[in-house]
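Next come two complexes built around chain A: one with chain B, the other with chain C.
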Partner chain A sequence: MSSRGEAAERPGRWDVDDVQTWGPDKHQLGATIPCAGNSEEVETGGWRSQLPVIDQAKCSGCMLCYFYCPDASIIIADGKAVGIDMKHCKGCGICAKECPDRAIVMTTEEKD
Partner chain B sequence: MADVRKRQPKVCDYYTSEDGFSPGVAFCSGCVLELNLRFISRVLGPDIIFVGTPSCSAPVLHGQNTMAWHKHAYYACTMTGVASSATGLSRYYEKAGIDATVVCHTGDGCAQDVGFQTLSGAAERNEKMIYVCYDNEGYMNTGIQQSSATPFGASTSTTPTGRASKGKTTGSKNMPMVMAMHEIPYVATATLSHLEDYAKKLVKAKEAAKRGFVYLHVFAPCVPGWKIATDASIQVCRDAVKTNYFPLWEAEDGVFRITQKVKDVKPVEALTSTVGKFKHLKPEQVAILQGQVDQRFRMLQALCAGSAAVEAPAE
Partner chain C sequence: MAETHAGPIAVTGNEAVAEAMRQINPDVVCAYPITPQTEVVQLYAQMVADGAVDTEFVTVESEHSAMSAAIGAAAGGARTMTATSSQGFALMWELLYVAASYRLPIVMTTVNRALSGPINIHCDHSDTMGGRDSGWLQIYGENHQQAYDNCLQSVRIAEHMDVRTPVMHMYDGYVISGAIGPLVILQDEKVRDFIGPFKAINPMLDVEHPVTVGPFDGLHGWYFEHKVAQNRAMDRSFKVIQDVADEFAEITGRHYGLLEPYRLDDAEIAIVVIGSTAGTTRMVVDKLRARGVKAGMVRVRVFRPFPHEAYAKALEHVKVVGVMDRADSFGAQGGPLFLEIRAALYDSDPRPQVLPFVYGLGGRDIFPDNIEQAFAVLEETARSGKRATSERRYLNLRKD
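Up next is the complex of A and B:
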């Protein structure tokens, strides 16, 4: 339990970029997970249809968006919300709904 | 008013470590269960061992495909054997002199129906562990079937609404009270809208788990199962507290205390009108639900008054 946060440096990390094309010879026997916490490579942000946009001027630094975000996708700097982790934000809109200053609004995201 | 809002919230004061769960967890958008797990991890710190079971929390705790979703120690077992498996772990760590807290994390189906026997047994033996039950009022993972936590009138796939059926006909099991009657060191109810309250209870739970069994009942709405909007789950938690549908209380060594006293209690309709699984309820059905909610709250108030009176002469 002392090796928290060192997942990226751990040896034996798999290159799973082409996992969709793997055959039975490439897959290891059993459901082996190469290292802890590697789900950060999963782009749950692709599910999003609504995009939160932060108005920095309105943010009072209550950090409620950070506490309530189920995906831990609010980026905080100096006690204020400064950005969204676009790779993982699912666009649920809890941050916008719970913001007492209405500093976050949900906008329709346009994708190519 | 503005000053009150701008005060730095104290929730982060309770955080003892960074998030043990990595981003990219493939739960439904707006699921408070994910928030619940992250919150437990942040408050209790790295030295915890999760014990889980097939449920919605199973993929996040087991990992899925080639992805692990957290950096904690975890033991997966059957639904019937959660509390008994955790007993073995907790006794081992105590014998080996390792300072670690065993945290069982199961849904209401496991805690109240399938795994109730081992849970009750572990509570009776007063094993040193924390048992967290996230109550989404049904078997949401397998397709929204009713469980003994499903409230009166709720629409599920096994108690549907239509001409013949009008939702569940009986009320839910008052599980936190059942566990409080086991006379264990600490029982509490919590929800994700009142995070400071929840954090205090988790800190108390960690201390109490050194003495014996701790049961935490967490109210966690399910977005697809309850037919609510993805951004509404925190608001539903808040409404449940404001209507006394889910009062926040704790029982510390048999002394009951309401931790969030609600000043202007709203009628339960404030909750049922916003949740899709209650949308079909007619006024007379809402009245029955209101009666059950009031009855439970009166009993809780009586227990609070009664247990405090018992303690008073000792001072």
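Up next is the complex of A and C:
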């Protein structure tokens, strides 16, 4: 008869700041992510080519952009869209498509 | 079969393994029946129904689902087992790699059977030989006792923190799985002590410590590093397999190694063979020895990881080695075992000749005469002192 597994000691935060330098033995067994809530720390905006730009004068504060955004990248302040989380926005354009006030337009992002 | 017996009892190979599973009493078994493995899961399902074990038995709709469910259960934190054969093994294919790369210590009994086609239900090793690069450890047994013993040892090996990799153990379909043979069963408590409690690593069901299992590796992630980590676990497993075998010997008196040489010390010719045919080969070796022929044999126990250094050491003094494959690698220089043995001996000086033999495909009978024919080829090659061609020799093949 086997007993149920015990929890291994795990940190509240997974320090992956230098993950680019990790060799085979430093990784978690089987590539498991050992704690929750850290997807926020991973940059997923690197492949963006289209950039949403908000015209705050047109924003009525319906927040549809916020609800539709698949990457939770719309920054809201005082009930209005005031900015984009550039670390996570992939430039998909759903916010611009859904905005009934046409307050968001997609522009081509130029990178150095 | 819940009671324990002091002496050997007569069982089928499948009964031997079902009994081992009862004693292991895993948290979860996810399995689907397939000839010739069916009896294992049928007997085990009965044990579950009878309350003889605490196992959650997941009756899935296919082997793809069996391995998927096993992965889920093991990732959840359960000691998990399954069993299959042939087409079922093939249907598990993509999940075999997933189980290994997630480093889940699942133990799977695989009863060797030919892969279609033509459709064939009899023994050869083409099923598990095809899975040799899936990242699982592979341990082959010869007889009923070894099927039982390997099943118990596989749990310890898979769960060892230097390994943490799934293990499949094999025995020959019908020849062992369905035929009656002798088995000495350990007492339940001895098995329990030997197996020990299961310690899950990062279990998903530990809701106080949420984890993500199987995340996407990113666009330029660490797949390469994880593959190397798997291979390092393979390297470390040689010692673990031997340590577990030695500990097992202390309680049973039955000794196992990575490979099993027989009358090899002064042998000039030798055969390397996997599975139940080792028994027949041993008999032929004895017969040739009685005639003064310096014949020997090695039975393969561990195929993954492949203990190439141990084979080089065991065989380097032999003049001609014959490798008997019960599976072929179409278009390759020879069968999978031949390729391993030949590569293992490449650095030996002098380098033994290594000749490929293929036998027993689709359950074709292998008689002592056939093995004598193979030894005759080795003997003639050794006597001539010349290099023989390395094309396949087929044993008991109907001629054109």
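Criterion: the second predicted complex is superposed on the first by the 91 of 112 C-alpha atoms of A that agree within 3 Å, B and C clash if a C-alpha of one lies under 4 Å from a C-alpha of the other, contacts with A are read in each partner's own complex, and residues count from 1 in each chain.
Methods note: a residue touches a chain if its C-beta (ideal position, glycine included) is under 8 Å from a C-beta of that chain, and two chains touch if they have at least 3 such contacts.
If you're wondering where the values come from, they're calculated on a predicted model, not measured in any experiment.
With both structures placed on the common chain, the touch criterion links A:I74 to neither chain B nor chain C. By the document's definition of touching, of the two partners only chain B reaches A:G61; chain C does not.
When the shared chain is aligned, chain B comes close enough to touch A:G91, but chain C does not.
Look at A:A36: by the touch rule set out above, it reaches both chain B and chain C. Counting the residues of chain A touched by each of chain B and chain C gives the higher count for B.
Once the two complexes are laid over each other on the shared chain, residue contacts for A:A103 go to neither chain B nor chain C.
Chain A residues in contact with chain B (one complex) as well as with chain C (other complex) are 1, 4-5, 7, 19, 31-36, 42, 47. Chain B contributes residues 5-9, 11-12, 17-27, 29-32, 34-35, 38, 46-47, 63, 65-73, 100, 192, 195, 229-235 to its touches with chain A in the complex. Per the touch definition, chain A reaches chain B in the complex via residues 1, 4-5, 7, 14, 16, 19, 31-44, 47-48, 60-64, 67-73, 79, 85, 87-88, 90-94, 96-98, 100-101, 106.
For chain C in complex with chain A, the residues that touch the partner chain are 24-27, 54, 77-79, 101-104, 164, 192, 195, 197-203, 205-206, 208-215, 217-219, 222, 225-226, 228-229, 232. On the side of chain A, the complex with chain C involves touching residues 1-8, 10, 19, 22-25, 27-36, 42, 47.
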